[in-house]
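Got some structures for you, see below.
Two complexes are shown next, each including chain A; its partner changes from chain B in the first to chain C in the second.
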Partner chain A sequence: MTKITPDFAEELKKYGDDTALICFNCGTCVAICPLVSESFPRRLIRYIQIGARDRILENADDLWKCLHCGLCTQTCPRAADPGEVILSLKRFTVANWRKSYNV
Partner chain B sequence: MFSPQTIIEILADNVRKTRNPFGLNKTGLNSWWKNSNVNQTGDTLLFTGLMYQLVPYIKATTKYLEKYEDTPKADYIRYGKRIPKPLVNLGLKIISSKEDKKYFNTLLCNIVKILRSSDVSFAYNPELDEYSGVLLYDMGDQESFVTHAEYVANKLQDAGIRKLITVDPHTTYAVKVLYPKYTGISFEVQTYFELARLKGGDSSSEVTLHDPCFYGRYLELADGPKDLLTGLGVSCDPINTSGAFTSCCGGPAESISPKLAEEVGKRRVAELQATGRPIVAMCPICLANLQKAGAEVEDLSSVLVQFVS
Partner chain C sequence: MTDPKKMKKNKEKSEKIGVYICYCGGNISDHVDVEKVREAAEKFPGVAVARTNSFMCSDPGQELIIEDLKNGVVDRVVVASCAPSLHENTFRSAITRAGANPYIYDHANIREQVSWVLHGDKATYKAEKLVAAATGKAGLLEPLDPIRVNARKHATVIGGGIAGLKAARVLADRGLEVVLIEKTPFLGGNAAGLDTVAPLGEQCSALIAELAKGVLEHTAITVLTRSEVVGFNGYVGNYNLQVKTTLSSSSAFDKAAGHVVPFEGDNADTPTEQNVKTGAVVLATGFRSYQPKTGEYGFDDHREVLTLPEFIKQLSEVNCSGDILELNGRKIRAMAVIHCVGSRQIPGIHEEDENGYLNEYCSRTCCSSILHAANTVKEQFPKTNIYDLYRDIRTYGRGQEELYDRAARNRVVFLRFEAGNSPTVSANDDGSDYALKVTIEDGLTFSEEIEVPVDLVVLATGMEAGDVSDLVSMMKLPVGTDKFLQEVHPKLAPVEMSVSGIFLAGTAQAPMNISEACNGAAAAAVKTASLLSKGYLELDPYVAAVDQDLCRGTGACVDACLADGALEMIDAETENGTEKKARVVPALCLGCGACVAVCPTGAIDLKGWSLKQYEAMVDMIVADELIDI
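The block that comes next holds the complex of A and B.
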């Protein structure tokens, strides 16, 4: 069962752009992404929207497949900046890894 | 795929201790300028960000990473951080190719020739030329990136540098966009091709340009090289996937997944080769990854230097 963290989008704000909630899941980013697999990056943006914080941390390695090429951001019809959202998730994940070393 | 967590911690540790992502001794890494008779003082600095210089080491390391990706031995990479830096330095020096070092150094010498021929007044002080830290930013290690960027920006500011002439898209993006945003320190930043004023010859050649993502999209500078070459008589009709819609070369994935880098690189090579014209890149990462994916690719500086009188 996935635990939901309703204020996850709020928590993410300190790691970068606050645009994930603008996304209406059209899938343009998935179609244009050179990775062409597993609904990337839309799936991860959807996880933010529903507050699936733990699901993101469980699948965190996938974030680093992103080449930061910016095609998704260039073509997003909602200006939701998926590339920057993925970068924010990387920052969030790195910060969580580092917190866990210090526990 | 290698563990991003492990790779990030190795890169961050290297940058913290040696100011470059490979843990290399800077004197050995940055030697291209020694025969260029460059002026070392002035407030306009040629700032390479050490990217061209690092490519021979990226190539050598990737060759080893490829062998172990998705094998049980991939996990051994986590011990990389424990290897003393002098030993890392020696190992990388041995496994990297002398020909590659010579080739990438020549490209920087080409850029000096292009700037001189264009009557651009600039200095090159190897002491001030540092890695920008952009890989840490791309990897999401914001804390390490900002710490390193502050070190570099303060060093340049303290030395009285006002203007930076850059040679690759990643460093350009870092010093032009990220440094002001995250360090509060700004420089006037221009790429060498924006400053190039060369005279055309009788050339009637044709090339296909591979626009890097950072020039094509993030910095919107893709028209610069195209217009410059066109003015010199080199035809470079853009392909569909160019400018703001250029395709990635795959290079940025090298440290995490050489397999993914190769897969994306091969796709891009097919797009570029479809024109049948010689391919020209303007980023050392793109250049190396497209060459690795099987294409014959020249650097923009190699084309432009032919017009130096």
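The block that comes next holds the complex of A and C.
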């Protein structure tokens, strides 16, 4: 069961870009990403959309595999700026690292 | 009517049949050896000339026929091409332009019935047979005159919703007298329950008021509210409707925003019944909103579960400030909307209703409507979280995809479910103060099970066919498997019904939005006006005709007749005194031939499809050796 934190998108605002909700889950970012497999970065962006705060911290390892090549941002058809969202998530994860009981 | 003398004179077989065979640019000639068919046709009895063309329907193709007729080379025409539904009228009018009678023509369908389904020798063989049969019949064809009946320049619109109002006004503007019959005391129909409408957000009440004003102020339109059609007879151009006006009090109908009440206070003391003589009928009987079953997504079990129309109504009455929506004093911090409720139901997955029916169609309007409602909420109350649970988003049409885009930018969260794995709505038991929780296996989140706590669930309920069973049986109307009234052809005759002079407007026909309902209504009205505007109608002459010399007055034909009133017994004066004879009412005759089959003396026959003509067709089909004679 994936739990929802309804106002998570609000919470994330202070860490940077909050364009995640514009994403319509096409998966272009996953297809173009040269480094990380397993639905990166869409999975984490999707977790932002539904407010699955715990899932983000559980899967935060993936974030540090990203080299910020920018291909996902270049190809995103919704201009949802996945690269910037990943940066926001890195900041969020660092800030919440020790608070997390999962990691 | 055809002059009997002329009929007698033409009883001889024509020896001047022209056969015109079409290549259809390869559509036919890729599979049928058209030149071989032509060579065979040249040898058929009575054929004077056989010609081919790559497109017989083109001007040069038609010119072949016209020239031969004008030069007296031919006096009967057979065209072998596509289905007659496509070009029968094309060739008839070519024959008319050549100064001949358009009914001296027969058609062989060698495309749909041959080249599209057969290949090689078989195709050529069948094409030859069909052409042979057509020439057999053509030799016996007689010139006919269309049946002319007077048509009243008067139309009746049933239903006073958006489509009915639109149709009535267009009809009146084209010079017809109009009666608009509405069973409730109000005008506006289902749309009267709406607030603002997608995609532009105009007030629906303003749209209705504008339409209703146009109807109520037009002197050629009579509006009969609280009225229903209880009787129906006649034929195209001359229908009679029995209309009953009841006393049902206004309170029996839920008065919603936008309802226009014509003639307020004009309550008759007694129910009245009147006869409306009209030329054509436009059915604008509308839809009814799907009512979920008890327990369907928690409906009826939880008062926080609403249908879309209920939610729209409550939302229109909201009078709160702040950035969280409040309904009936309850803060709606989070709400879920669920798409496709009562639509796109799948056999084996969804539960049938008590009559074993499923609504397998898409209701088309609910996606745009629910996203419009979601945007309305988010733009006024941004702190109310909205979760949109959908199977597919179908915001088709101009300006409607933008509704989806706007919803995403308004931070509506979309979650996707499969038809066989619908979300569940239940009481929330996680200790928080949210009343409900919605559980969904979300296809966008890698099929993880997600639990969404909410204060409100809105079901995007679709459209169902209105109950018009009384009209259906009275007017013998065709109904689709989806229970909506069915047009003749979804593309080529989209507002016509198979009953001549009856047209379809709006959601009586299928789920559609207001723009589409107005399109349909205007099309139906213009079709009606063009049908009636000359004051008379010409109907195809393929009807039964009685040979008074042979008729013995048994009445068997009247008993067998399928169209009420098309055949009647009369007292005819003959040399033996007064005798019973059968008489055909051509405007009512369907041309089915049931009477021909039962007549003991062979006194009744169909014009243009006589038994002799059928015999000639069969003779030509079975007589292989004929071809070599």
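FYI, the second predicted complex is superposed on the first by the 96 of 103 C-alpha atoms of A that agree within 3 Å, B and C clash if a C-alpha of one lies under 4 Å from a C-alpha of the other, contacts with A are read in each partner's own complex, and residues count from 1 in each chain.
As a working rule, a contact is a pair of C-beta atoms (placed from the backbone, for glycine too) under 8 Å apart; a residue touches a chain by one contact, two chains touch by 3 or more.
Since this is a predicted model, take the numbers as computed values, not measurements.
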item: Chain C versus chain B on the shared chain A, clash or fit after superposition; value: fit
item: Partner chain in contact with A:71 - chain B first, chain C second, else both or neither; value: first
item: A:52 touches, of chain B and chain C: first, second, both or neither?; value: second
item: A:90 touches, of chain B and chain C: first, second, both or neither?; value: first
item: Partner chain(s) touched by A:63 [first = chain B, second = chain C, both, neither]; value: first
item: Touched partner set for A:28, first chain B, second chain C, both or neither; value: neither
item: Superposed model, angle subtended at chain A by chain C and chain B (C-alpha, nearest 10 degrees); value: 130
item: Chain C versus chain B - closest C-alpha approach in the superposed model, Å; value: 24
item: Chain A - residues contacting chain C, complex; value: 1-4, 6-7, 9, 21-22, 24-25, 39, 43, 46-47, 49-52, 78
item: Chain B-facing residues of chain A, complex; value: 15, 34-35, 60-61, 63-65, 67-71, 73-74, 87, 89-91, 93-95, 97-98
item: Contacting residues of chain C [partner chain A, same complex]; value: 333-334, 385, 408-409, 411, 413-415, 442, 444-446, 448-453
item: Chain A partner contacts - residues on chain B that touch it in the complex; value: 1, 3-5, 7-8, 138-143, 213, 217-218, 244-245, 247-248, 250, 252-253, 256-257, 260, 264, 267
